[in-house]
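The structures considered in this document are given below.
Below are two complexes that have subunit A in common, paired first with subunit B and then with subunit C.
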Partner chain A sequence: MVTFESHSQPGVSTLPAARVRRIIKEDKDIFACGADSIFLVSRATEYFIDSLVREGYEFARFDKRKTVQYKDMAKAVQSIEQYDFLSDIIPPTVTLKKTSAAADKDSNE
Partner chain B sequence: MSTIEDLEFPRAVLARIIKGTMPENVSIQKEARHAVTRAATVFVSYLAATANDCAREAGHKTILANDVFKALEAVGLTDFIDKLKEDFEAHTAMAREKKEMKSKQASADGDDDNEDESDMAAATEEPKDDSMEVDEAEESSDPSKRPRLE
Partner chain C sequence: MSDFEGGPANDDELSLPRATVYKLIGEMLPSDITCAKDTRDLLIDCCNEFIHLIASESNEICEKEAKKTIAAEHVLQALKELGFEKYVGEVQEAYEEHRVQQSKDRGRKSSKMKNHGMSEEELLRSQELLFAQARMRFQQQQQPAAGADAAGQ
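What follows is the complex of A and B.
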């Protein structure tokens, strides 16, 4: 995996802690979460975003593009095992041709 | 119940992180940016849920710092761990300094010019990190989340 940078001072997160906490709280299986853990999850998320975007950018660069597109992100998710949890969140887009072909197949059965 | 907007990170904050990651002349398409926004929220859930499992395995209910590190190992994101350990040390040091300043302030008959606090406020949404060191269950009025005696 590529290396990453911190975008702020080490002891501080740029992501709003209250928002991180709210996302965690949505999970009813989670009983409680210490403030330190919220900070760590927040910081880990920053690193994760950094990592994900860099991977996407590599695909854009390979295509000689200076704009990172959705398909680059989808390819990054597909190509890295640790990103499997995102396969439903950033799925590869299905082309119109494929969907109409699939629809024809259904109607013929 | 929170809406999806309540659970997404603010656009400006994410834009800054994304921009900081890519070279100057590179831009990101709106759809790609939205994908990253969704991914960020899902990652928080994913990491927290995994850390929760680690906490249970370790025999406690509250997610502690070590559970988060264990969780990162469990999901294969070991690259983050070293940097995160540095962050944790810095964070712990800052919290300790703040506490020391507060107790000095309390013992002196002083004015309330706590400069550290405003730095923290600028950096995160919640200036008083210590206030979150509370059981989620205690804070919420949801009866199903109150601590149970077992």
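What follows is the complex of A and C.
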């Protein structure tokens, strides 16, 4: 659910257009991008941050925490199909027990 | 200074300005909730990835239409294709507002000096008049006593 609307003015994006354009143009396959498109991408990104943050927050809240942490984001990414593209950026967290068990196993070999 | 940077490994890597994104995150969460710093940096990376995703999909749609420049419709279509249709309505609304804003700005900039309806001589005369008025004001400021006397009468 998109709920983000508090501070933003409808015709203006908070994200700097020039920066967004440069990020887009990093893709060498892209020949040109109109100014309107830059605006739309900026706007969509704002909604994206909003959704992602709120999803992460739900997990933190469920854990009765006041700080949204990495693991909340990891769970959010795992639980929503559209966020599959983020699975490399936010790999699911492995618990400390598993990592130290794995480390022990490695050192014993 | 923590060891975990959380940001782009390469200084040349482009990303959204930290302060701007931090501020957005703060506004999106309830006032008593915070976001861990490394998580905020992570969100910046997610945004960059999202931008690349949308841009790439938009470009594919653009190419299919044998166009060279990504247009607004391509972006909107890309959002739908990628499963972000829930954003489309709001983004479209914002786009309309944006276009209204742009045409207002254009109108304002061009009409400022175009619609005065004066000829060049008239413009010169009005400029002289403004200078004369400014000169008078300046002289009055230089002689406050004389001015006060005049006002007293």
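We take it that the second predicted complex is superposed on the first by the 89 of 109 C-alpha atoms of A that agree within 3 Å, B and C clash if a C-alpha of one lies under 4 Å from a C-alpha of the other, contacts with A are read in each partner's own complex, and residues count from 1 in each chain.
Everything below uses one rule, namely that a contact is a pair of C-beta atoms (placed from the backbone, for glycine too) under 8 Å apart; a residue touches a chain by one contact, two chains touch by 3 or more.
A quick note: this is a predicted structure, and the numbers were derived from the prediction, not measured.
With the two structures aligned on subunit A, subunit B clashes with subunit C.
When the two complexes are overlaid on their common chain A, residue A:68 makes contact with subunit B and with subunit C alike. When the two structures are aligned on the shared chain, A:18 is found in touch with subunit B, with no touch to subunit C.
Touch criterion met: A:43 reaches subunit B and subunit C at once.
Shared contact residues of subunit A with subunit B and subunit C: 1, 4-7, 9-12, 14-16, 19-20, 22-24, 26-27, 29-34, 36-37, 39-41, 43-50, 52-54, 56-57, 60, 66-70, 72-73, 81-82, 85-86, 89-90.
Subunit A meets subunit C in the complex at residues 1-2, 4-7, 9-12, 14-16, 19-20, 22-24, 26-27, 29-34, 36-37, 39-41, 43-50, 52-54, 56-57, 60, 66-70, 72-73, 81-82, 85-86, 89-90.
Those residues of subunit B whose C-beta lies close enough to touch subunit A in the complex are 2, 6-7, 9-10, 13-14, 16-18, 20-22, 25-29, 31-32, 35-36, 38-49, 51-52, 61-65, 67-69, 72, 75-77, 79-80, 83-84, 86-94, 120, 123-126, 129-133, 135-137, 140, 144-145. Subunit A meets subunit B in the complex at residues 1, 3-54, 56-57, 60, 66-70, 72-74, 81-82, 85-86, 89-90. Subunit C makes touch with subunit A in their complex at residues 14-17, 20-21, 23-25, 27-30, 32-36, 38-39, 42-43, 45-56, 58-59, 68-72, 74-76, 79, 82-84, 86-87, 90-91, 93-95, 97-102.
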